[in-house]
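Common to both upcoming complexes is chain A, partnered first by chain B, then by chain C.
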Partner chain A sequence: MLRVPLALARVAVMAAMQYRASFLAEMAVGVLAAAGVAAPLFLVYAHVPAVAGWSFEEALLVTAFFLAYNAFVAGIIEPNLGAVVDGVRVGQLDYMLIRPVDAQLLLSFQKVAPAAAWELLASLAVGGVALSRLGPPTPMHALAALAMLGSGVAATYGLWLLVTCTSFWFVRVDNLRFLLGAITDAGRWPIGVYSGWVRIALTTVVPVALVTSYPAMALLGRLDLELALGSVAVAAASLIVSRLVLLRALAHYTSASS
Partner chain B sequence: MIRVRELSKTYRVPVKKPGFLGSFQSIFSREYKDVHAVSGLSFDIEAGERVGFLGPNGAGKTTTLKMLAGLLYPTAGSIEVGGHRPQDRARAFLERITLVMGQKQQLLWDLPARESFELNRAMYGVERGPFKAALDELVTMLRAEPLLDRPVRNLSLGERMKCELIAALVHRPQVLFLDEPTIGLDVEMQVQVRQFIAEHNRQTGATVLLTSHYMQDIAALTPRLLIIDGGKLRYDGALAALAQRVAPERRVVVRPADPELAALGFVAHDGKMVATVPSGDVNRLVQRVLSSHPLADIGIEDPPLEEVIGRVFREAVA
Partner chain C sequence: MEGLGRAFTAFPAIQRVAFAGLVAYRAEMIIWVLSATLPLVMLALWNAAAAGGPVGDYGQVEFARYFTVNLVVRQITGAWIVWELNWAIRKGELSPRLLRPMNPLVFNFAETMAALPFRSMVVVPLVAALLLWRPEIAFRPGVPALLAFVPSVALAFACAWLTQAIFGMFAFWFEQSMGFWTAYFALWSLCGGYFVPLDLFPEGFVGAVKLLPFYATLGAPIDVLLGRAGIETVGLQVAWLLALAALARLCWSRGIRRYGAVGA
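Showing the complex of A and B:
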């Protein structure tokens, strides 16, 4: 069952490491991006002890999950789903779609940008610093946080896939992807900072809070069951809807003239 | 093996007025028109047949091939390949077919071709033993051993096509859709690819549907022709019968060139004299040539395939 994903991961990492200079430059960019994510937090908390009930260390946990989310987007989502948009335009999906492998698997996980691992390491470092000050979580809270992270990743992946699918109809949807990237940037701040419809939007329409604030809340023991189940429901809906739309989108694939 | 009935594919394409103003207007109001790439195509191909798919640019060849491979959904009509509906993309169907596109590549650009073969092995679920046997066989037939460990980006076009063929065939498909596999290759490499396809077909009995603009590909590989133009089938039959039907003349070629033969209808061409006459007149003409030039080297040829096909296309347009 894992044969194809492992084979894909193997060639993806090998291909990414072919160009040493590019690989090293991407790693440097990854480190800078991680620093860029954490910097505003230091600036804000230099002036106030808490924001919307979130202390500096608690907000640092959200930052850690946001970095992990960024690593997922930069490492998996962008290289693959970005390539799908180009592939639809120039007809390069042909060879992917004649494989006896689920098209969604190939479209979503054929490439990887290993340099994004730096953001993942930065995420672990920032999370480690936050927990060293807050104290270790209970095993139950840690497990809940992992579950929320998984469900948040699934929810956001579904959304990215949905946006990508629109390229089968509209061909060039780069701006839509950039817009989505800009909106999900709001996930770097704890969800408590936002109110009203913005909060609802960030947990349902563009559910970035599910992958950043919810795991942090679970780790802190602040996430009630209702919210946790809501996160799982949004993730399930996101995966199902995006899958159905992808299947419909593939029927609209027009390839390109030879 | 392949059954196609009343197959049609219509694309809806935007129509933009020319110039900057046209581009600006298209943002607010866009017109579309329907392009009928394939219209009411019907044919059958038996298992093991080698069929040439010919037509001018934009005739609908590649669209048809892509519908047969399951990449494109037909607008109307039905297709059955090995008992499957291609557009369902069932695993059993995809395992049985392969598609080679001369103008696109499936190989991983930055890695040696061997890595692409390994990836295909995983995707097609081929066990290590049968994979190695198939790979060795294909590499030997194509004399490709020195190419396998070089990054694909460092291979020449011809070398890349050899590796593309290996990648496409390593899972031992039963139906081969080949879309201009020799395009851009030098003459020697074209010959090698043709010989390989013929030999592979002989050894495996796989069905081959080939599109090409090189008539030598068609003459060497495909005894049967499907000619389409404007998305419609114009001819389905043997290559030899096509020449008889469309161009019932033969060419009588006499060497060395002697201007005196112009009196018999010959014209000088590349150091020889050539006359194109109806098939029924060939014997009479040859006898007349021999009576005046008993030592002449006389050959009788079919008209060039390009000329025959060209006539079919012109007839279709008329």
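Showing the complex of A and C:
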């Protein structure tokens, strides 16, 4: 059952490790990117003790999850779904579709960009600092946070897949992915910072708060059952809708030769 | 820049062509412009921080005003030459452009200027939405502020373009030169006033950080328009413009020789 995903992961890492110098150069960039996300927080909290009910350390937890989300997008989403967009345009998608494995699995998880590992490490470091000052979470809270992280990743993955699927109908969607990246930048702050319809949008339509704020709230023991179930519902809806749209898109795909 | 006189006469024609090109891909252009919404994300954080009272001398309205002007200035001073140069040098696409009777850099500068009317049009709905959200941000700048803003934003435009051109030319020497640009961008976001008004830096650093080139390309015109900085800031921008222009010229003359030596 797990044989195909594991084989895919091994080949992906091997392919990426061929370019060692580039891998190291990207390390510095990854660390800088992490510093860039955290820096405004240092400046804000130099002036005020709390923002929207979140202390500095609590906001750093959100930063940690945001960096992890960025690593997921840069490491898995971009290399794979970006290749789908190109594949549709030049007709190379055919080679993926003829393989005897579920197309969605292959399209989504065939490649890994290992440079994203640096951002993942930065995420762990920031999270570690925050937790060492807040005190360790209870096992229950840690489990809840993991569940929320999984649900948030699923929700955002569905959205990225959905945006990618539009390339089967419109050829130029590279920029649409860029736009989605810009919008999900809003997930870097605790969700309490936003109000009104922006908050609703960030937890449903562009559910980036589910992958950044919700796991942090779970770790802090602030997430009630209602919000947790909401997150799972959004994730399920996102996965189902994107799967259905992908199946339609593949049926609509007319390959390079036909 | 011996061809500058000739470039001047060709400017209107280049601009017409470039503008037509932009209008042909208008949906794409609108998406690119909409992607520059990071100032709004920053506004959300500072707006929440100022909910209990002003931060420094910035209240919620001042923050909204600062980041609205930020959004507009960033849009007006936007360039893309770093990506274009990097690509053209590495792929050898620079060679045919060198055959033209005009320096490719000057050509790109004209194209960047041609994008200006379009870029400023696209930002209108964003500003309108902000005004709808918080009508108090509308303000009437004083005549001196307005008079200083025009040269200040023009200088910021030129400095931002020159900086990008210099980083783009790094591709003459380095394979992975875009990493330098990413690093510069991270520093610029913080020290240029993109993420935070520089007046909110820790007290001892405010004066020093404003002397750096980052401020000259974004924060300076914002502060000038808001009446928080005066004509001396424009003077500093002029100094940076001269320094950056000299550096860009040096990079070009050295780099282009190296480019030829590679065998392209």
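One rule holds for everything that comes next: the second predicted complex is superposed on the first by the 256 of 258 C-alpha atoms of A that agree within 3 Å, B and C clash if a C-alpha of one lies under 4 Å from a C-alpha of the other, contacts with A are read in each partner's own complex, and residues count from 1 in each chain.
Criterion: a contact is a pair of C-beta atoms (placed from the backbone, for glycine too) under 8 Å apart; a residue touches a chain by one contact, two chains touch by 3 or more.
Owing to the predicted nature of the structure, the values given are computational and were not obtained by experimental measurement.
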item: Partner chain in contact with A:26 - chain B first, chain C second, else both or neither; value: second
item: First, second, both or neither for A:51, with chain B first and chain C second; value: second
item: Chain B versus chain C as contact partner of A:75, first or second or both or neither; value: neither
item: First (chain B), second (chain C), both or neither touched by A:40; value: second
item: Comparing the two partners chain B and chain C, which touches a greater set of residues in chain A; value: C
item: First (chain B), second (chain C), both or neither touched by A:97; value: first
item: Which of chain B and chain C A:127 touches, first, second, both or neither; value: neither
item: First, second, both or neither for A:207, with chain B first and chain C second; value: neither
item: Partner chain(s) touched by A:188 [first = chain B, second = chain C, both, neither]; value: second
item: Where chain A meets both chain C and chain B, residue numbers; value: none
item: Contact footprint of chain C on chain A as seen in their complex; value: 21-22, 25-26, 28-29, 32-33, 35-36, 39-40, 43-44, 46-48, 51-52, 172, 175-176, 178-179, 181-183, 185-186, 188-189, 192-194, 198
item: Complex interface listing, chain A residues touching chain B; value: 3-4, 6-8, 11, 14-15, 18-19, 91-92, 94-95, 97-101, 103, 251-255, 257-258
item: Chain A-touching residues of chain C, taken from the complex the two chains share; value: 28, 31-32, 34-38, 41-42, 44-49, 51-52, 55-56, 176, 179, 182-183, 186, 189-190, 195-196, 200-202
item: Residues of chain B that touch chain A when the two form their complex; value: 11, 58, 62, 66, 69-73, 87, 89, 91, 94-95, 97-99, 101-106, 108, 110-111, 115-116, 118-119, 121-125, 151, 179-180
